[in-house]
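Presented sequentially are two complexes of chain A, the first with chain B as partner and the second with chain C.
Our next item is the complex of A and B:
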């Protein structure tokens, strides 16, 4: 009983201050008054007093019900945690200027699609394919930008993805971006599958000091790491060894890949040289991230206004019937009254007399 | 003999209180089944652009008795604004620094997607800035173009401090059509000059900017009219005079004349940010957009029914005062 009471509420609670009005029928009656010399002259009649109590109750029910209905009563909704299939996916999206070029490294013209446009189209389809996935979006160029925090509102995530083909900024500073994308996971529930999806068309040298920090963060969060490398035609591959010195400065992509491999988290790199390859990679990621995920379902609150109106209508119905059956015995000739008194349904005319 | 035939139905039906109660019953019955009425309300669709340049870190506001930065107050104002917008309104968010806005996300519905929207606004940070410049006029012009592309109105929150300072020939020309995009420029900051905090490359605060650390005068473009009277002036070698510029660019206050000039140039409205209330100026400046709404008729029906019931009870009391009182049996 207590949890039920606790879950009840009203939309406009101050209207409940009108509830004392429901006491009005205790003092007043809707029936006509008839002057009688002495009520005591009439015999004691339990049916009449019963009717009086019933009509008073009906009046209180009508007024109380209407006041209650006006206040908008409801039973509060609740959050239910269920388990579905999905993952927490933190997307880290490169917004550097080169993302606005095509896979061939040119400015898009005509029907050509830039890398940003292709990833926008494919990622937008990816979001919302499974109802219980949670997404966070982080953008990075020179500085990391928190776009949308971890959420299951896929409309918001799609709105964030819709913005990724706008003109990008200067550089590809992946290290700080990774840090922010990792922080998007938050504390979270244990056992949730976490994936960090890095979409970029280049890489950068990660400062050794930051490398150590990132390593510690990755160990703590333990996400599955996917790198969707949008490779421009003619640019070095992740797996190409440079001809000269093999330093991070000479081949940042290769060394970022090596760094990711050394992190000790499940890691896969997808090198895509066209929109189809990107779509294929996203499908693979989707297939890999199939784990149970707890999600909260909002059970909507139940509006009880209809019930309150029902109560009020019931009380009103009784009052209306009583008014319809009302009679004034003093107005009628005496012999008729005697006849009615002798009749079978003696109670009804007595209502008014009560 | 049937008792029903003897009841004075005609008289009962004529009774005002019967009529009132019957009407109340009808209204209450209607309220039980009445569906919400379709209705057109007006909402807004806004692109909010927040200046995250260094001068927005100036702490010249107070919140809960503690100094608060302009950016903090701007964020608080946006977060207060969100739940006050009618459901169905949409908000897009962009950052401003350097000379252009950077769109974080396309318009999002403010009620259903409240949580991510609120989280994104809370996450705004000056550290997201990609460059230190703050060319507000260019940024505003581009933000207007962006709002036009997104088909939204514009809410541009800035303190109006141009870095580098505007050149002598003033605000760059606006190429769009003034008034084609409606919206509001919100000036953040106090009216008196305050020092601008300085941060090191790890993001820690290290003091305030000094006069010599910021550009005090824009020496690109043609020199100002008074240059000839400056000391050390030479038309070829020192067109801006011989001395280093002095000024108050290392201090910051809300640059209202500049922002008002920009508002006039672009056909936007201007409001000063006086703590977290943006709703009224925004709704006044923005284009109302029709939204499907629903009107619940039940409160009206219920209130009318209640009034009728109370009236019929009180009418009894009134009549009792006019007629001799007869005590009824109390048992």
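Our next item is the complex of A and C:
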């Protein structure tokens, strides 16, 4: 209750000094008084006494509501922290030149869609399926690009994802991208489920020095790591051992996988060789990330004047109804009064004639 | 509604018969206890007792075996005093179909005229919590004085509450029996009503119950009414509806019935004076009770 009161305000607070006027109905009543010899003549009636209380309350409501409405009440905007089901998901999307190709490794022609377009389509559906997911989007090629910081504005995230099929360029420098994607999580609340989704169609060698830094970062952030590997047909799989020397240079994908496995965070790799496989992988990720997440909701300042006027109108309506129901029982009914007025008028000519 | 002027101009007299034989040697209009004068035959008495040779009753004298001489005796006509005891408490300011004070004024003017016309005295005592000396009129046969005092009641200020002044009025009226009209709405505590009637028991008392049809039969079936007590008992909002109206009317009827029961041992049954003063109706009431 207290925080609610604290968030209330008025545009012209000095008008609230008039609020004691709302006590007037306690002293005065809306109905016309009929002086009678004894009120004890009327039998006790709980309905009537209830009605008296109701009408007094309506009068107070009407005056109080009007004063309040004139003062312009509002509820101040605030951030509300709630808990929903969702996760903080940092997407790291490969923007290297090879993403422009189809899964078959060609330039797309006709109805074919490139890897970037397929991932755009699928990721776009992924965003916004659950209201309380938070997303950050980072792209990388040679250098990482911060596209959208961690946010729950899904429109912005979808717009960012819609932009990832712009023609990519240059090479795949996954190490710096990972660093930026990790930094997107920020401090965050404890117990939040965090996921890092890496979408790429290739891998690169990670410098051993940077490897140590990344390892430290991963340990700090503790995200669930998902690697959605968009495998071009004919290119080596994550799990393929190269025929020759097994070095990071010869099989960067395999070694990136090994590096991820060695990080000590929950890790899954999805190897997708087509749009359907990508969709399946995304669904799996979605199913895995189901944890409570605290999220903040921004509530704008809300004008309560309408409510105040509404309350006053309700009170006034009751009072008007009471006024309409009022009778002046001490006055003679109109019919009788007319008859009394007509009586002497008729009698006078007779007298004159006599 | 008949105002005082109307009552002065015309309207029937109030005809009343005292329940007792008034004594005294003044000449009036009612059958007295004493003998004398030219009234109705009363009894033959011995000539020795009433040596009035003009009224010797030959028939009775001849019929007497002892040969006594008899004289006819006639009833004397004696006056009575009529008093109007008027409640002037704040509830008399009530104004429904009729103004209660106008009604009282009309009644008193009519009574003053009717009484003084036949040689009866007319007196007025106004009471609220105390006896109102400013409106006191000792019983007089002076026609103009009686009329003025009665008319003054119609303009009297009614501010006080209570009706204890009637007890003092009863003390002031001690002595010979009088014809008393107790004009009030009788919205007093029942104990006080009984006390007042008991104090006036020696007199011939007619309670005149001031009522108003707006207060019972004229109540509307539906409506919202705020009652404001003239005697300062506060305000009350009443939502009138047929069932409540029935209860209200039944309650009023019960109150009148209770009043009738209380005054039955001491006085005549109450006369209901509502909306309009009708002297003939009061005469009928007085002749039949």
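Just so we're on the same page, the second predicted complex is superposed on the first by the 229 of 354 C-alpha atoms of A that agree within 3 Å, B and C clash if a C-alpha of one lies under 4 Å from a C-alpha of the other, contacts with A are read in each partner's own complex, and residues count from 1 in each chain.
Here, a residue touches a chain if its C-beta (ideal position, glycine included) is under 8 Å from a C-beta of that chain, and two chains touch if they have at least 3 such contacts.
Bear in mind that the values here come from a model prediction, so they are computed numbers and not experimental data.
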After lining up the shared chain so the two structures overlap, which partner does A:283 touch, if you call chain B first and chain C second: first, second, both or neither?
-> neither
When the two structures are overlaid on chain A, which partner does A:43 contact: first (chain B), second (chain C), both, or neither?
-> second
In the superposed arrangement, does A:28 touch chain B (first), chain C (second), both or neither?
-> first
More chain A residues in contact - chain B or chain C | B
Please indicate which partner A:325 is in contact with in the superposed arrangement: first for chain B, second for chain C, both, or neither.
-> both
Figure out whether A:51 sits in contact with chain B (first) or chain C (second), or with both, or with neither.
-> second
Applying the touch criterion given at the start, work out whether A:139 contacts chain B, chain C, both or neither, answering first, second, both or neither.
-> first
Can you list the residues of chain A that meet both chain B and chain C?
-> 29, 31-36, 39-40, 42, 49, 325-327, 332
Which part of chain A faces chain B closely enough to touch in the complex?
-> 21, 24-25, 27-36, 39-40, 42, 44, 49, 59, 62-63, 65-67, 69-70, 72, 95, 137, 139, 141-149, 151, 153, 155-157, 159-160, 162-163, 166-167, 169-170, 305-306, 309-310, 312-313, 316-317, 319-320, 323-328, 331-332, 336, 339-340, 343-346, 348-349, 354
State the interface residues of chain C toward chain A in the complex, per the touch definition above.
-> 91, 93-97, 100, 185, 187, 214-215, 218-220, 222-231, 233-240, 244, 247-248, 251-252, 255
Note: in the complex, chain B contacts chain A through residues 1, 3, 6-9, 12-13, 15, 17-18, 21-22, 24-25, 28-29, 31-32, 92, 95, 100, 102-109, 112-113, 115-117, 119-120, 123-125, 127-131, 298-299, 302-303, 305-306, 309-310, 312-314, 316-317, 319-320, 323-324, 326-329, 331
In the complex, chain A touches chain C at residues 29, 31-43, 45, 47-49, 51-52, 55, 322, 325-327, 329-330, 332-333
